[in-house]
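The following blocks contain the structures, represented as structure tokens.
Look at the two complexes coming up: chain A is in both, with chain B in one and chain C in the other.
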Partner chain A sequence: MKIAVCFKIIADYDRLSHKDWEWDERHFVDMSFVRRVFNCFDESALETSLKLSRQLENVSDPAELTAITVDDGQGDLFLKHLMAVGYDHAVRICCNNRLDLRFNPLVISHLISRYIKQEGQKLVVLGMQGGEGDNGQTGFLVAEQLGWPCIREVIDVVMAESPDCLKVKSRIDGAILKQTIKLPMVLIMGHSLNSPYLRVPTLKQKLNAKKKQLTILSNIDLGLDNEALLNKDKTLMDLHGQKPGKSCAFLEGKTAQEQAQCLYDRYLKERLSL
Partner chain B sequence: MKAAIVLSFDITSLQQQVHEINVMLNNMGTRFSSVELWLFYHDQQPEFLPEISCPLSDIKLIKVEYAHSPESYLYSLVYLMGQYPMDLLMFSSDGLGEELATRLAYRLNGSSVLKVEDCSLTSARLEIIKPVYGNNLTARFVLESSPYCLSVAKQPCRPVNMIPCELLKMETITLDQTQPWWVKESLTILDQPKTGLADADLVLVVGQGANNKETVDVLQGIANTIGAEFGASRPVVMNAWADMNRLIGASGLIISPKLCIAAGVSGTGVFSVGIKSSEFIVAINIDSKARIFQIADVGIVGDLATVLLELEKVILVEKDKKDSSHGCIEDTTQ
Partner chain C sequence: MTLTREAIVEHLKNIVGKERVITDEQVLKENSHDRYKKFETIFGVYSTPIPAAVVKLADTNQVSDVLKFLNENKINSVAKTGGTATEGGLETIVENSVVLDGSQMNQIIKIDETNMLATAQCGVNLGELEDRLREQGFTTGHSPQSKPLAHMGGLVATRSIGQFSTLYGAIEDMVIGLEAVFPNGEITRIKNVPRRSCGPDIRHVIIGNEGALCYITEVTVKIYRYFPENNEFLAWALDDMSLGFEVLREVMVEGYRPSVARLYDAEDGVQHSFDQFAPDKCVLMFMAEGNEHMARATAQGIAEIVEKHEECRKIDSRLIENWFNHLNWGPEKIAEERELIRKNFHIGFTTEVSGNWDCINTIYENAIKRIREEYPHIEDLTMLGGHSSHSYQTGTNLYFVYDYDVKDCKPEEEINKYHIALNALIVEETLKAGGSMVHHHGIGKYRTSWTKQEHGSAYYILKGLKDQFDPNGIMNTGTIYPVE
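So, the complex of A and B:
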């Protein structure tokens, strides 16, 4: 069974200070100096799919895992990492870097769904949101373009008795929905406690992965010209920073006891109804 | 501009979802030519409806056969848009609202955006504002294609009132819906129960600075002692140091207590959005440059567990003093 997992590499926003949030005339924030990380929901999708593939090792149609990202090359190290931990294929879709895809989930989903159709994948797994745009729409749009059903806020996936089905747990309005579903399907990962983080490869796995080739595709390879990648449903007008922060009053005190007493006397006494 | 509000009656957070839509309606400078409510229900036809802050020109009640299948809602919405075309559709902030907004706009060649904080109509163009870059920035967009399908941003808990249906003019719509072919078996089980976090006056929120489950357990005990609800940032929940129903932030709860003590949280954009509506914020962090101090009223640079254990002692002493003084008054009156 061919499984495609889509992921995005993002800058670690936690490492940016307030003054770093500045942008140029094209509304791009310079993050070249910040380390890159897997988007947390995508990381969960990647690990969940690895676990699922292990369950499918001894069935008639074993899993064939492909990791896909749409970016300009910053994700290559991460693609190698994924090959080291067990992904069979690592694909980067690159586009004309003058195009702004940050707020364009429609185009991202076009690129992904073209690849999925071309390769005959049966399951697509991706995270529910993340990245610069925080769009939260790519999974739904991939499902629409493929004409496949989708399940959102997935927390776990395991194989079912029937070979063309999966058992999927998802979170819905105050409950957990357990479904046995027939493929093909798009799964959108939410907060998965079973697989929150991606496994770490061994040194041997890393060395083996170095020899493996990444697949680099352009939008043209997928049958989409540059005109098709323009954002036609919305236009970015401007960005705004967060409002200036409060002027935080730092409490002095040589010991934690002094600080706690000072906090209580000055600020909490009137606010706590003891 | 004609608008419709699309909601599911059966969701547990209906009154909160309507509050969030009311915030959007109140913020909008736009005057609609009409606003309709399209309310889906699964089991019984509603007898009470949530109070929406603008006059409704019509209320349509739509029965949905398969409550867990977004396809059933989408099928009905495509039909409704064919019969009663709208320029703008407003959806709830939950997963269902986000899914329906996105997929419906795709099917109708419209524009969709999620987590919309503000929306206005200027020079016949619909402009919206939404958070981007992990809630560190906001962006203003012009939407190009009607119908515009928006899901609103989450807001702090302020559930609206319910009013009897008999006071309102309504129309019931029933459509044949096919069973989703891909679902072979389906079962719902209860998730963790709701906590009192949404409407608590005092909340202690703990972040990754707690370092391990043992410390988180101690801090949860302190929260109980001082009468605070306990909340946690995403790393704490994902490490299984606290339950998922304690999650605060963009993908969890948005809270607005009178007093919020944020201990050991760095203050990322996605977390801060969850507590920044609090009346008063106390931040405790070992790093004096932590971003949490930018949204805090008072800060303590120090180890969270040590400071909170001392604070617990202070509060217990004060409680004892108060209890004994109450006891004296009671004794005197006897």
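So, the complex of A and C:
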């Protein structure tokens, strides 16, 4: 079974301070000095798919895992890492690097879905949103373009008794939904407690991965010209930072009891009576 | 006659009050180990004997009274404050040990701006002391990764070192005076003077004793003016560690004292994401700090030295500054690490050693080679590398870093299969080349097999201290001194 897992590499936002959030005239924030990491939901998707592939090792149609990212080169190290931990193929789709794809999930979904069709994949797994644009749309758009069923907020997936089905666990309205679904399908990973982190390759796996080749494709290879990559449905007008509206007050009182009484009288009583 | 566990607890309650004697089973379990056994304890296995009690000490007199009682009854004690030890020093290997927890002795006693001194009780968190000092424009200059968690007593007891040591020195260079209690209950104070010639420097009996000779209750350290606005970061990529050590040596011998001087090999660099800007390269980095003139001159001087070596390629200093500013380990990072270990059965440790300039590269190459060639579970290793992070006029340290997948063994077997075995190969190669087997974590309980070899004929002095100050052997048995 051909499984494609899509991921995005983003700056580690935990390492940006408030003062670093300054953007230029194109609304880009300079993050060149911050390390890049797997987008957290995509990392779950990558590890969950690896675990699924291990379950499918001895079936008639074993898993063939492909990792896909759309970027201009920064993802190569991460693709090598994925080959080291067990991905069979690593694909980078590169576009004109002057294009701003942060808020253009439609184009990203076109690139992904064209690759999926071209390669005859049966399952697409990807994170529910990426840190850069926080669009949360790519998975749904990919499913729509492929005409496949789509499950959102997936937290786990395992093989089913029937070879052309998977058991999928997802969150819905505060409950956990367990379904057995027929392939093909698109799975959009949410917060997975089972597989939050990608495994680490051994020294030997890393050495072997160095010899493996990455597949680099362009939008042209996938039948999309540069005109088709433009964001036609929306224009980024402005960005502005939110000022945190926090304030601080010290509770009066000599003892904890007096302070608790003060907290209740001044701040809680009114709210609790509502 | 040996006291029963119940009798020990009862006596302790009489001495310090029942509210200060903790016997809750989970608390006792958590106090039976330190980070050396982090793997098994994450999986709920506690293979070390559980202590009889944890005593939350209130003041120096209580320390004295409790130690006197333990000494008279030959009950083993384990001194503890922040609990960030990494080498088994906090393990309660003797049945019915008592953990002496000084974390509630947490008063900053005095900040003396005239004499540039700060005095703190043993349970003061270094991060809190540092924050207080920085509010007033000062710093201790001590900044180990454990700063958010470690306490002053433990830092002094283990001869700890901080990330800015190349400028400020290690803890032994900072401590001016001390108060400590010996097992017979004797309270001793060493006064705060800038220097003296009055016999041997007795501070060094206490600094680094790891709770094996006495209990540190109060510490006075030097403080410095703090000028973070002048910090300058510098970094270069280079092909091999040998060249890196050579450049480090030139910088040190030339007399420059950057606060940070680090050299990472390519493998170790990967776990810090250095491969994103220096793939397959070693990374050499410095931070110059201090007053404006000193910081600028230090940065310029270092750059001149490094850039004479054409093989060194300059790296955007902002990358290093951003990385360095996120290096400390607080509670959230410990929790994240525990989760990673639990989910992926994957863990990492370090062994830190030191050597003079003429043998440091030999230690580095031989230890890595021996692990690659001789370690039977090399297939399970996910990382094997190292870095130097504390340099001196005469040599530098080496931090070997090794991560591995724990496979085909019970949680309690991990330590022998992986950690102890890897640690041993590094220590053996270091001693063989003439280096020191421990640079700054302390001997703890897992390098004691080599304590005699480390000290050679000078072990006579070390043993004499134990015989003199702890004749009943109640002070952290199995730490520093091998169990005979």
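Keep in mind that, in the parts below, the second predicted complex is superposed on the first by the 243 of 274 C-alpha atoms of A that agree within 3 Å, B and C clash if a C-alpha of one lies under 4 Å from a C-alpha of the other, contacts with A are read in each partner's own complex, and residues count from 1 in each chain.
Here is the rule we go by: contacts are C-beta pairs under 8 Å (C-beta built on N, C-alpha and C of every residue); 3 or more make two chains touch, one makes a residue touch a chain.
In this text the structure is predicted, and so the values were computed from the model without any measurement.
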Chain B versus chain C as contact partner of A:R171, first or second or both or neither: first
Partner chain(s) touched by A:L77 [first = chain B, second = chain C, both, neither]: second
First (chain B), second (chain C), both or neither touched by A:K204: second
Which superposed partner A:S32 touches (first chain B, second chain C, both, neither): second
Which superposed partner A:R15 touches (first chain B, second chain C, both, neither): second
Chain A: partner with more touched residues, chain B or chain C: B
First (chain B), second (chain C), both or neither touched by A:P196: both
Residues of chain A that lie at the interface with chain B and also at the interface with chain C: 14, 196-197
Residue ranges of chain A touching chain B (in the complex, touch as defined): 10, 13-14, 16-18, 21, 27, 29, 40, 102-103, 106, 128-130, 132-137, 140-141, 143-145, 149-150, 152-153, 160, 162, 165, 171-182, 185, 190-191, 193, 196-197, 232-242, 245-246, 248-251, 253, 255-257, 259-261, 263-264, 266-269, 271-274
Chain B residues touching chain A - in the complex, by the definition given at the top: 10-13, 68, 70-71, 94-96, 98-99, 102-103, 105-107, 110-115, 127, 129-145, 180-191, 194, 201-202, 226-227, 234, 237-240, 244, 247, 251, 258-259, 266, 268-269, 280-283, 288-289, 291, 293-303, 306-311, 313-315, 318-319, 322
Interface residues, chain C side, partner chain A - complex: 273, 275-276, 279, 316, 318-319, 321-323, 325-326, 339-340, 343-344, 346, 378-384, 403, 405
Sites on chain A touched by chain C in the complex: 14-15, 32-36, 74, 77, 195-197, 199-204
